[in-house]
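Next come two complexes, and both contain chain A; in the first it sits with chain B, in the second with chain C.
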Partner chain A sequence: MSVNGSRVADAFTDGRTALWALVGLFLFLLEAGAVLNFVVSLTIDGLLAIPGVDAVGFLTAVENAVREIPTLLSRETIPNQGYFDGSGYEGTFLGLSPAMAWAFRATLVYLYAFAAFGWGVWGYRIYRREYRAADWTPRDDVFDRFRGHKWGIFGLVIVFMFVTMAVFAPALGPTTVDQNMRNSYGHEIDYWDSDSGSVETILVGDANLDSLSQGNDQNVEPWTYDDYGRFHPFGTMQDGSDLFTFLVVGSRISLVIGVLSVALSASIAATLALTSAYYKGRVDLSMVLVSDAVMAMPQLLLLIMLTTVLRESWINEVYSGGFLLALIFAFTGWTYMWRSIRGPALQISEREWIDAARSFGQRPTTIMRKHMLPYVTGYLLIYGSMTLGGAIISIAGLSYLGLGVAPPTPEWGRAVNLGQDYVRTGSWHISLIPGILITLVVTGFNALGDGIRDAIDPQSDSAGGETAGAGGGA
Partner chain B sequence: MSDTLLEVENLRTVFHTDKETIHAVDGVSFDVQRGETVGLVGESGSGKSVTARSVLGLVEEPGVIEEGSIEFCGDELVGGNWDEHRGDIAIVFQDPMNSLNPVYTVGNQIKEALRIHQGLRGQAATDAAIELLEDVGIPDAARRVSEYPHQFSGGMRQRAVIAIALACDPDLLVCDEPTTALDVTIQAQILELLDELQREEDLGVLFITHDMGVIEETTDRVNVMYAGEFVESAPVEELFDDPKHPYTKGLLASIPGRTAGGDRLPTIEGEVPTSTSEPTECRFAPRCPHAFDACDEVHPERIAVGDPDADHETACLLYDDEFEESPPEDGVVADGGETA
Partner chain C sequence: MAIPVIWLGTSMTWYIIFMGPIDPATRLLSEGQVRNPAAYEAAQTQLGLNQPPLQHYVDWLSSLIVFDLGRTWLLYQGSSVNALIMDFLPRTLWLGFWSVLIAIFIGVPLGFYAGMRSNTVADYVASMGGIVWRAMPNFWLGIMLLAVLGSSQAIFGFSWEAIGPNLTSGISGNPDLSYMAGNPIAFFTNPNATLQAIKKVAPAAIVLGSASMGNEMRIGRTAVLEVKNQDYVELAKVKGVSDRALVYKHILRNALVPLVPIITSEAFLLIGGSVLVESVFGINGIGYLFFQAAIQGDLPLVGTLMYVFILMIVGINLIQDVLYTLIDPRVGLEGE
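Moving on, here comes the complex of A and B:
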């Protein structure tokens, strides 16, 4: 205990560590508001959906208070939604054009994200060099192998950019979901009317109606302005709303559902695999039977059935039905992970320290948690990251079919669906861009999984390994 | 409290595999007194370790204790009653690298046992762990308590394993080939340590090994195990002076340095059969130099032999008056007399 205490004290007298901590604090302060906003809004969405919780007033007050905290990367600090007043831009950051202001903010967001990542790596290195008791641990080799794994690094970069997109969704979009889609008739914008030569005001909803992308006649292409001086990095959708904003916010729900379902199925899989490996015999056999039974159920049919049956229930309200999706994915998807983990778990259960612990009367749950779980977490990571890609594809597939995440909550698969009538026209971007993004992100997750596997278990053959990402099905 | 710690009666542990039923331990009986060391010796595959695991209740599916009783201090353990005596019986395994979990410090693993059996936590547990490490002869215990198993040498690791066993404050220590994975000088140190601990704590020890030399040095009574059965049981001096069963003789003859001359170390040809059915014959007969017709037809029962005071038993038809063949003369070696 005393050792730890003195280490903390050392950390503040040691220059490098103090510098590191200061940089961390600085980075956090820049974004404290956004971080809190992200956490609070997620929790509040969840809380509000639970029946019996009646605290809307209080919760929105909290949400608004959090929103007031100034942050560097917010649209208030670096605004891009201004208008041309004949001589220059009003209301944009430093009078830049809306496109430049937006690009500046987006770049800053990614720079910030990479800086935060670098800060984490820096901290780990300081810890490794100065504070860790051992000079070398097997984990160092894992990291080194991963660093040399180009495909894995590619996956990491893609996944990291995707996660950044989800985390900074409100700051990244050129406009907001509320203003541009949900409540477009509740907001007004000013724009430069070149016919009259003056600044006019229009409802966003009306402006959207004039910015439709529906083929060759009416189209707002990627990286262009519409008639109202609004910049659209990915063009507009078929209803005139901004595609980039839609996709950025859609990434958030994909990530939340994906992570939730994988975390749930990983914990089910790990618990059952450890139990069957510890008790073996009949327990193991019964679990094989159960998992085979679950595997035999057609996942897609089950999804369609359950989403339809539970459409009216409260559980379908959480995250626009995303929570229900995550639950269904978890309860149908754990079997694949369980199968993969059971083997290593059985191997570990044969080790003598398990018997030693049993012989002195350690509880089975403690033995599983303490003496077996650490040996299967690596496999959980590998299969988790691969299944995540599969989950994201499945969610997109369901939304494409009109199931799953309920409109108007943005979801990538729905964008593909909405744009499919215009694929052969000038409005190709509505389907194609989200399609490419889905492919890229899923490939990224699979690549990351490959990289982690090769790093953890160098004997495994990366060419021969089957990827769980194909398990999307839907 | 009676002096009998462990009483095993007619223990049968079988493994039901898909193909066949393996009788790993087939009707063994023995007991261990307080302060006594009982040896269990035999080749690989003779059922020694399964006996040890049965005593500790560590037999896993598909294995099952089918018959017999294991009484510890008068309490029957068979039927799942081990939990009440967890920690009273401790085990030291063969390979100390495998019986220590490499991801936790040695101290952490000793404290795990201390917490369960002595309710010690935090600093008190650490102090107790250091004390235990000192007891088993690990120098600089205060520092080494926070080291990982890979930082320990083989002998040190086995000492740490013994410390974990002692943390349970056991009455009976089961040593499953504790010295097999160690080199000879370390073996001697570990044996000495075990001997010392046994005298200090008045432990009963069930000592399993395939090394006759270790048996001679450490045990009070010896049970010679072959294919799941005890073929001979005797006090250690009696067994070494006057072995009766041809298998025992073969084992003794194959100890380097015991046979005179120096041409070629005698061996017992063949290997231990896997017992898949109830025996109808002597299981050692195919390898036995003295086998005669009846050996293939009659399963030998244990009968008293040798010095009537010595409690010496063997299961061999050579000593059964019902059968004609007379016992071989002492000194004839079991491999058929090919030796010098």
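Moving on, here comes the complex of A and C:
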């Protein structure tokens, strides 16, 4: 696998690879500022956490320098928050209307994301055709089968769009969380006052109070402007803040909690399944007992119980309670995944190569890691994708009930809750839109799971994996 | 297997509640009372928290075994938990019963239909619908359903309240089951009240059953597809068995087998989901009680209710095993 110097040189004399690398460089440069910004702020946070290091001045200088690097997909390059000054728009991108400027930026973000994805696939194919020593590996078949699986591709596209939404959340919203929700009285906007015929200035908080969505007489519908010339793609919420911004930022926390919890529960499930499959007998039996006992407590109820009990502990401070939620999910959700991979793991433990490895005197942990784990990772992927959908539903369900993610942090379930009283009025969008998004994303994850399953194991009956995305009944 | 599972589950609950970072005694008392050492002492004594943990554990467990569930602290202050559960449980059972039944009667036939006509437009529509239906969050679906039913006059041209039995107290809320109290035969002898109670929980039951409905449809479809290609179906066809008999006798019966574990394992979802659905539809069921107890800090009640839930789930699992052996004799009780 190692690419030595001469092959790298070969690569750049070969036209296609050089082109590929150039395109990659170009894509990177477009967003270099954002990447550097992310890295720098991460290191600063890391350094500040270490006691005894006093480099604040230097670090802020670096941070500011990085901020100055222009980025294509940022609010500064393509601004949409301008105002009408009687003859045209001021401060928006190319003088477009705020709606158009925002739509342009959002489209560009998605184009960029798909271009980056396509670039990755392109690179893989060049590697496969030109540089890999083997003409064919079993994994190629998996990829090819997945490419022919329309339903799986559909799922992948949805999931990818969701991930893009979470990654580019600050650039996608028509406004920012800080300006629009958290610190709305610390920001001012200019707007065109048609009564006086002049441009006026108002605090965002005051403007929000005049753009509430609370029923028929007070409502800012999706895809409209409010009285202050601010564009709302999904309308406003019941407190006048922008629903789209809320949802986009909320997708971040859903995704982070979901991925973290699934990764944790997958590792717990894999470890336990391999252990029980390797040792069988009593070890296996006791694990069945433990998992049955955990499963006998309905997952959602267990979640509610644990979140209330742990609400005041320090761990709930981390990431607005999201980290705690992920931990709880992992410790209540591993049983389902464990059940699903225990069978395959038991089958593999009966194979000859396990016996052979044992007779060579390899240690059990090595056998499990090297000779068993690779055969169950496929199943982990499948069930991981499917439980992710369920986890997203459960997170939303908990925050609908007012548990889980702490209130000022945007979360999809809370939007449903906030809009519940207005569903039958003109402000139906507050509850309806987040629900549709959840449904879409969960369907996407389930479809992706189906696709991966059919790609990895074409013989499997599609009746398997029924733990899919039901979210413990949320 | 059932007994150790119950024991282990209950022990975990005990540990989480009484050994967790929150002192249940302080949660039960108001701000002022916490500072009053006498009140705090009294609460601790009553909860038995001044005993050594092991002693407390044994006491707690043994009182659960004999169903001496004590009294509530905050919620319906001071009422007997046994009476409270007896009051709340029927509504949840009623809701659960109908959600299972509705899911079976819609999901299974749809799945079989899709399986019989596999790869047609009807199949795709049904399968797609099932997948999307399953991915919808219950609480959101409930809100939307209530909104649609509430304005059904404007949307469908007839009002949900007006068709069928009359609902006197709005479209959502508690089903009136009091007519059956102490007299279960009233279910049949008083059909009007029965229908009213059914109609009251029907929207909630549909929502609660939505996830299972999707699952049952999917399994039903694959089961039919599998059975359809079995040799004995071919043989029956060659023998000249009529289409109708073929479908009902040879295909459907065998396709039902894989559905049994699915239907019973939905119990997990139903009981878990009852919390959300009951809060959305305003049904005072046991899930709602659990949620209220949890957010108001009546942790002892939370623990007790969790014990009841564990008993219910383990009981359903036992029923599933028995059912499974009855339907498919090839599966032994010691099976796997």
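We take it that the second predicted complex is superposed on the first by the 426 of 474 C-alpha atoms of A that agree within 3 Å, B and C clash if a C-alpha of one lies under 4 Å from a C-alpha of the other, contacts with A are read in each partner's own complex, and residues count from 1 in each chain.
Throughout what follows, a residue touches a chain if its C-beta (ideal position, glycine included) is under 8 Å from a C-beta of that chain, and two chains touch if they have at least 3 such contacts.
Please read these numbers as outputs of a predicted model, since none were measured by experiment.
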**Request:** Check chain A with both chain B and chain C modelled on it and let me know: fit or clash.
**Result:** fit
**Request:** With the two complexes superposed on chain A, say which partner A:362 touches: chain B (first), chain C (second), both, or neither.
**Result:** first
**Message:** After the superposition on A, what does A:282 contact: first (chain B), second (chain C), both or neither?
**Reply:** first
**Request:** Please state, to the nearest 10 degrees, the angle that the Cα centres of chain B and chain C subtend at the Cα centre of chain A after superposition.
**Result:** 80
**Request:** Considering only touches as defined above, state whether A:22 meets chain B (first), chain C (second), both or neither.
**Result:** neither
**Request:** In the overlay, work out which of chain B or chain C sits against more residues of chain A.
**Result:** C
**Message:** Let me test your reading of the model: by the given contact rule, A:298 touches which partner, first (chain B), second (chain C), both or neither?
**Reply:** second
**Item:** First (chain B), second (chain C), both or neither touched by A:47
**Value:** neither
**Message:** I'd like to know which partner A:351 touches here: chain B for first, chain C for second, both or neither.
**Reply:** first
**Asked** A:428 contacts which: chain B (first), chain C (second), both, neither?
**Response** second
**Complete:** Overlay on A puts the nearest Cα atoms of chain B and chain C apart, in Å, by 9
**Fill in**
The intersection of the chain A residues contacting chain B with those contacting chain C is none
**Residues of chain A defined as touching chain C within the complex** = 289-290, 292-302, 304-306, 308-313, 389, 393, 396-397, 400-403, 413, 416, 420, 423-424, 428, 431-432, 434-435, 438-440, 442-443, 446-447, 461-463, 466, 468-474
**Fill in**
Counting only contacts in the complex, chain C reaches chain A at residues 1, 4-6, 8-9, 12-13, 16-17, 20-22, 131-132, 134-141, 143-144, 146-147, 150-151, 208, 211, 215, 218-219, 222-223, 226, 258, 262, 268-276, 279, 287, 290-291, 294-295, 297, 299, 302, 306, 309-310, 313-314, 317
**Message:** Using the touch definition from the top, list the residues of chain B that touch chain A in their complex.
**Reply:** 53, 56, 58, 60-62, 83, 86-87, 89-91, 93-95, 98-101, 103-104, 109, 112-113, 116-117, 123, 148, 161, 164-165, 167-168
**Item:** Of all residues in chain A, those that touch chain B in their complex
**Value:** 1, 134, 279-282, 351-353, 355-362, 370-371, 374
